[in-house]
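First up is the structure itself, then whatever we jot down about it.
Chain IDs A, B, C and D follow the sequence of writing; residue 1 opens each chain.
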Amino acid sequence: MCGIFGIYGHAEAANLTYLGLYSLQHRGQEAAGITTFDGSRMHVQRRQGLVAEGFSMPQLAHLHGDRAIGHVRYSTAGGSDPRNAQPLTVNYRHGQLAVAHNGNLLHAADWRHGLEGMGAIFQSYSDTEIILHLMSRSERDTLEERILDSLRRVHGAYSLLFLNEEKLVAVRDPWGYRPLVMGRIGDAVLFSSENAAFSLVGATFEREVEPGEMIVVDGQGVHSSFPFQRQAGRAQCIFEHVYFARPDSTLFGKSVYASRVRAGELLAQEHPVEADVVIPIPDSGIAAAIGYARQSGIPFGLGLIRSHYVGRTFIEPSQSIRSFGVKLKLSPVREVLAGKRVVVVDDSIVRGTTSRKIMQLIRSAGASSIHLRICSPPVTNSCFYGIDTPTREELIGAQKSAAEIGAFVTADTLGYLGHDNLLASVADPDAGRHYCTACFSGRYPEDPNAPADLELPSVPSPDRSRHG
Amino acid sequence: MCGIFGIYGHAEAANLTYLGLYSLQHRGQEAAGITTFDGSRMHVQRRQGLVAEGFSMPQLAHLHGDRAIGHVRYSTAGGSDPRNAQPLTVNYRHGQLAVAHNGNLLHAADWRHGLEGMGAIFQSYSDTEIILHLMSRSERDTLEERILDSLRRVHGAYSLLFLNEEKLVAVRDPWGYRPLVMGRIGDAVLFSSENAAFSLVGATFEREVEPGEMIVVDGQGVHSSFPFQRQAGRAQCIFEHVYFARPDSTLFGKSVYASRVRAGELLAQEHPVEADVVIPIPDSGIAAAIGYARQSGIPFGLGLIRSHYVGRTFIEPSQSIRSFGVKLKLSPVREVLAGKRVVVVDDSIVRGTTSRKIMQLIRSAGASSIHLRICSPPVTNSCFYGIDTPTREELIGAQKSAAEIGAFVTADTLGYLGHDNLLASVADPDAGRHYCTACFSGRYPEDPNAPADLELPSVPSPDRSRHG
Amino acid sequence: MCGIFGIYGHAEAANLTYLGLYSLQHRGQEAAGITTFDGSRMHVQRRQGLVAEGFSMPQLAHLHGDRAIGHVRYSTAGGSDPRNAQPLTVNYRHGQLAVAHNGNLLHAADWRHGLEGMGAIFQSYSDTEIILHLMSRSERDTLEERILDSLRRVHGAYSLLFLNEEKLVAVRDPWGYRPLVMGRIGDAVLFSSENAAFSLVGATFEREVEPGEMIVVDGQGVHSSFPFQRQAGRAQCIFEHVYFARPDSTLFGKSVYASRVRAGELLAQEHPVEADVVIPIPDSGIAAAIGYARQSGIPFGLGLIRSHYVGRTFIEPSQSIRSFGVKLKLSPVREVLAGKRVVVVDDSIVRGTTSRKIMQLIRSAGASSIHLRICSPPVTNSCFYGIDTPTREELIGAQKSAAEIGAFVTADTLGYLGHDNLLASVADPDAGRHYCTACFSGRYPEDPNAPADLELPSVPSPDRSRHG
Amino acid sequence: MCGIFGIYGHAEAANLTYLGLYSLQHRGQEAAGITTFDGSRMHVQRRQGLVAEGFSMPQLAHLHGDRAIGHVRYSTAGGSDPRNAQPLTVNYRHGQLAVAHNGNLLHAADWRHGLEGMGAIFQSYSDTEIILHLMSRSERDTLEERILDSLRRVHGAYSLLFLNEEKLVAVRDPWGYRPLVMGRIGDAVLFSSENAAFSLVGATFEREVEPGEMIVVDGQGVHSSFPFQRQAGRAQCIFEHVYFARPDSTLFGKSVYASRVRAGELLAQEHPVEADVVIPIPDSGIAAAIGYARQSGIPFGLGLIRSHYVGRTFIEPSQSIRSFGVKLKLSPVREVLAGKRVVVVDDSIVRGTTSRKIMQLIRSAGASSIHLRICSPPVTNSCFYGIDTPTREELIGAQKSAAEIGAFVTADTLGYLGHDNLLASVADPDAGRHYCTACFSGRYPEDPNAPADLELPSVPSPDRSRHG
């Protein structure tokens, strides 16, 4: 997962992008980058690590120009190769171009193979580079046309921001897998993965970029179009509501906070239990725990404290301290837990190993029984649209029954939210047609295992003039 | 305010002290330090900033020895001079000595003047150095006696850890202003400002160091004594319960979490209001808000999200963004607030300026009315015992009435917890005799304005042999 | 200018490449990089700045594998964009590839334009990337054939090291502009821009890579070939002898130290003067000054001391100190200079501004007269083969007569080494046919202004299988 | 050894001190520090490492004030404890004070013991702190009187700079062991260990601070006095001329460069040899090698190249490379050495191990014979006045004969400069009475083994008013 942010027409474009990325930090902590244009000159800063640690005042001051795009990158299984940091920046036949991408293309390996077969060179391991190679082979006259020439060939999830010396272009794929919203500060136009980022920079949320919409911002203003073939439905990622997005964001038109509280309420109906206290696993379980407590009438309590000082390169003692990693982040509150029947609310279970450690932490603080309640169904399938889920072999939900999982994590009882209630939680009567729930249901909007239909572009005639 | 941690008799003394300081990080973010002894050699690392950022693996590896003390230092008005970082380490007539101090001595300026008049040199601006100078002028034979020679002359708040090549000594002043607890891992003995630090390192909480108690740990074991004149009562800092300590700590024998929930309940009784939602100002107001909601029956909600990525040297945009500093830390959740009558629960109001910005943040998210509820009385007096409160001129509680404060912070209504309820919240029937509430009441256990009674030591005869 | 180093078949490939680059540091201080292969996995570290400052022990430890290539990059007019750091690394149809380049291609802008016209994307501003794009469009089966497919199309200067999972390939262009030598440590094979780098790592110098030679090192051994069309002569860069290379290197078969001493002797014959002392401008003028003193009989002296502590980001005082920059690096020795007629020996004059400051420094130390002697002719033409000379407008040798230059730099007399003596200094009877002296003579081996003959490759058929 | 620098009355006091320390960097690379006064406020920056690496622009900008003192510290056997970095800064009965010290006090351990016996606390391991403790016990009214009260009690080597809010005081001990000079920029007054530092900052050298002289600079001007008892002679350190000082400095009234050339000439007379080339061990042997070559008529050559890029934390390969450490710093020039009879000129031999490695390096480059010539007598005794010589056990000159040393270092012949010629080299007819040659002769000006005569001060009456 990643976060993207862009702004056009503001004297402090780089600074505001920096703040925007700070607000989107939860979407990716591995790397951050900002690209600006100052007339025809491109400026780039990309680095590993957190936004607030990675950029210094002088570095931002070098990012001249009134337009910028930025990116925060999530740490993925492929490892943290610095070459993958975005925005990607290139020189090609049409000049300079920067791109920031949230999502994942299907058949990326096939596309790389196909493009490499035509002579393309890849500098990163990012599927985003495929889009650039397709654009560089387009003979169309405008940036927008080249973007479409490229995107019409690929499938998968993409919320994209492109920046060249003239234009900022925002595109969201026709299925609308990943969020993308638009805002304003005075005359400046902004885009962001989540609208929570607008609050910090003082921008006003205007609207979502619609699935299949392309918005072009340039000196002439803002131009919207819907250049893609219309899809039968949408495939908005429900896991954004469950876990990924900030609770203060409005996502796909619905409050994340509200959907989480609602999920907690439905969970209390679906899996009631007699208990003394309802506690969240902070921070992602807080809103749902509030909902569970509200619905069940069991008092809400803060049984686990989350540390604000977790360093990423923590020094572990050489002797083994039980559940050391989890303890660095979470501390149990004995007062809340000792001798109590505790309902623990979390968003999801992926591998089960962290849940197991947390159960042990709670038990060690004296809980008499633990009732784990999960605000989503078992994760049974990998995501091919941008969430970095592990393979099915590692997904405990794909390997074990709920009872077995409960036993593995050492909870006394375990209850998952059902699929229908999950859909109900987002308060959209058409949720079934609007959301992708593939990681829970295996029903993929676009089949990731279908044979790739690579319609490689023809090669441009080499005599075309530059900047056509 | 500061935090101290010590350990005697563990092969990983430095690593565990590092982890202990990490757990006490909330007590001081300005500087951190660790001193160990390896036979007769002292090793020291002190640096500005957070524990997790300040120490590298190789630096810890150089801190040899099976005994260590550590310190985290709060940023005080006096500024962040690196020379003030503790543990202070010195060479004096009796060898090498390190000391870590939580608290504040009364009449520190007078003592410095007096000692300087006798030829003492001060390397830091810390009052802790006074204790060392008094010890260096003592002719007593043992470390313990020299400590007492020194401490019997001074007044004020001190929880102290001393370490030399032979012994670790823990002392708590006779009034017991500041907390200090003792724990064990196997045969190793530990001390910490709060017992929450024991959880991370896998230690067992044993008991509090009592007011006026000295505990000596050496090769012969653990020795307790009560060498000071007994006081009529105690003066345990109630502000530790209100704000400073971790909610997962047990402080002065009582759960901090419980006292905060209880304070919230009493606040709901004392200042009821019709409202739609109760929200905390995270993190310090969470437990109290749970109590207020529980007592009042008004639903608990999470109306403000706290960022986990606050960098200390944040780059501010040159244009003014309204309430920028507060926005970096807190984000409003419109879903919870818009159109709602909101009860906001916070621990205390010091200057009022931050509260005012938070009220504006909540209002900007659409709250129809805001009822600010404070889990402690107005802060009307400066602390002379270790909390870095500003002068009375800057304390809004000392300058304005509650109504005026409510108007200043732009709350619709404002309610403070009364003094009796504050005492009731800590669940100690003798709270009135056991707690210092001077910052709220002006009743100082030891009068900070009484003339200093400096009983300067005589000068040692210079021919005494070393290490006597 | 740049330096390259490579090794195949040594357990400490990365460490030795690091040491080799340290020895080649004088060839480029802007950036350094190392790429290794560990079976089929490529590892990369590239960073701005000096080798000894840029790499940490853990970073080197991550560069697994028994084969490596490295690069140090000179700061060029184009600025210090981190994207230009080498080795360049790419993924293309034939797998992974890394390349390190010393030299400059002719018509680089035309090639970029042509390749971009065919859809190529450029990630850097380096002309080296052209070679990779031509290779990626080759349909040949082996790495060597693809390299030749590419290099046969281009003109200019290149000493190159290629590394993929199987092979290390070293190539030197048919004119032999830039040096490249081969050595051994046990069974391991090494390549380096200069043989001085072999000394530090304990390798034995074996021979030069010949102009037009390609040497392939793989599991089967070392294979040499001469796949390019033979040139009429050579174009070895004489400026390497004059200034660029280390005096302890043997370059193009001749000792750099010897050629510099010889140049100084010839200079003394060509421009004798009555004087009291001969001093070098350290370090590049030392050997020539020894030669001048030896030939003239005038005593050698050390009139300027070079600092060992020049930091690259030095803090300049806000008030102007005369000739501050030069003074940071060089200090005059009054004892040697005061009241003396001083012969100052330097390697070359480019813009004249530094020479002027040095003359003033020497004059300020009391020299009664200054006779500047330059061990090469006036620099009158730009280099297109890898030395970063400024444009003719900035070359004082192209704009002024020797007399005018002498006046400008405030020397009492000025003498340049003549072109014939320059050729004589390298002790090669065929020097006239073996060396490029274009920067002094304007006689370019390959005309940089000839129209580019871009024979763009055809596009590969996209269905070819990978790793063919 | 250390270097000190001070300035009074210049708007850029901190910046110029920074530059001055940069010029004195050869006198100490372990730590550097600067203290300024801005009215009554003291500002301090001290850090480990090189001047140019240790201070950033913003850090210098915080060092407000028009007066400053600075210090560079040499790495000593006692290890690199950051607490030893100077200037030392203290608060004492008379306010704030900073001190920078070059030299060593005799009987330092006894003084520490004595002062600790009176209750003094030591923060560092530096003998400089003794001076401060004696001052803090003085009841005199002025800074100058307190300095004298202190210094009249101690013996040994001290060139000192004191700075408080009013005055800059420079003192040199009556024997004049260590250098100290005075200069001017406009109205500003400067002091420095060596006058070479004046050149960079644009200051004019005025004169030496005389042995036994105290110079006070304040708002009223510059005041000189000679408050100490006059000594029979001087004890200027001859090792400064041999090795320590910069060749472009004038030391004790004589050019360092000239004395080294002269030493080389005398060495050629004393130990002639038939040879092909004279080479220095750079940089300290260069001037002497010039002298040897000049006198002997044997050509001077540069047979060893010194690297400019030696990093202090270099990464060594795990396999052993012969003489790795020396090779990092020095590279042999085969052209100069192969098949030649080589005279190698060095300043001194301490342990002999480095010389041995260098001989091997030269031999490996093909030298047919090596004649090592040393510009000073064997080092037979430890220095107690500021040079960090090892103990006699480690001094090869104290343990072996010249012939044995020659064999150990594997030179074909070895010749040391005789004691009389050493004295002759400094061109002072009274050199025998003016210079300390104890490290070569064992004749100590003040007997370091004499029983300490500790005249401890009486204790001040504690009621004295501050800032008297």
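Here is the rule we use: a residue touches a chain if its C-beta (ideal position, glycine included) is under 8 Å from a C-beta of that chain, and two chains touch if they have at least 3 such contacts.
Here the structure is a predicted model, which means the values were calculated and not measured.
Distances between chain centres, each the mean of the C-alpha atoms, put C farthest from chain B. For this pair, chain A with chain B, the centres built from the Cα atoms lie 39 Å apart.
Chain geometry summary: the mean Cα position of chain B and that of chain D are 47 Å apart. The distance from the centre of chain A to the centre of chain D, with each centre set as the mean of the Cα atoms, comes to 61 Å.
The residues of chain B never reach two or more other chains; the list is empty.
Of all possible chain pairings, those that touch are A-B, A-C, B-D, C-D.
On the side of chain D, the complex with chain B involves touching residues 44, 81, 83, 89-93, 112-114, 116-123, 125, 129, 132-133, 136-137, 456-457, 459-464, 466.
On the chain D side of its complex with chain C, the touching residues are 11-12, 15-16, 18-19, 22-23, 25-26, 50-53, 55-57, 60, 196, 199-202, 246-248, 250, 255, 257-258, 283, 286-287, 290, 293-294, 299-302, 305, 307-311, 314-315, 317-319, 321-322, 327-328, 331-336.
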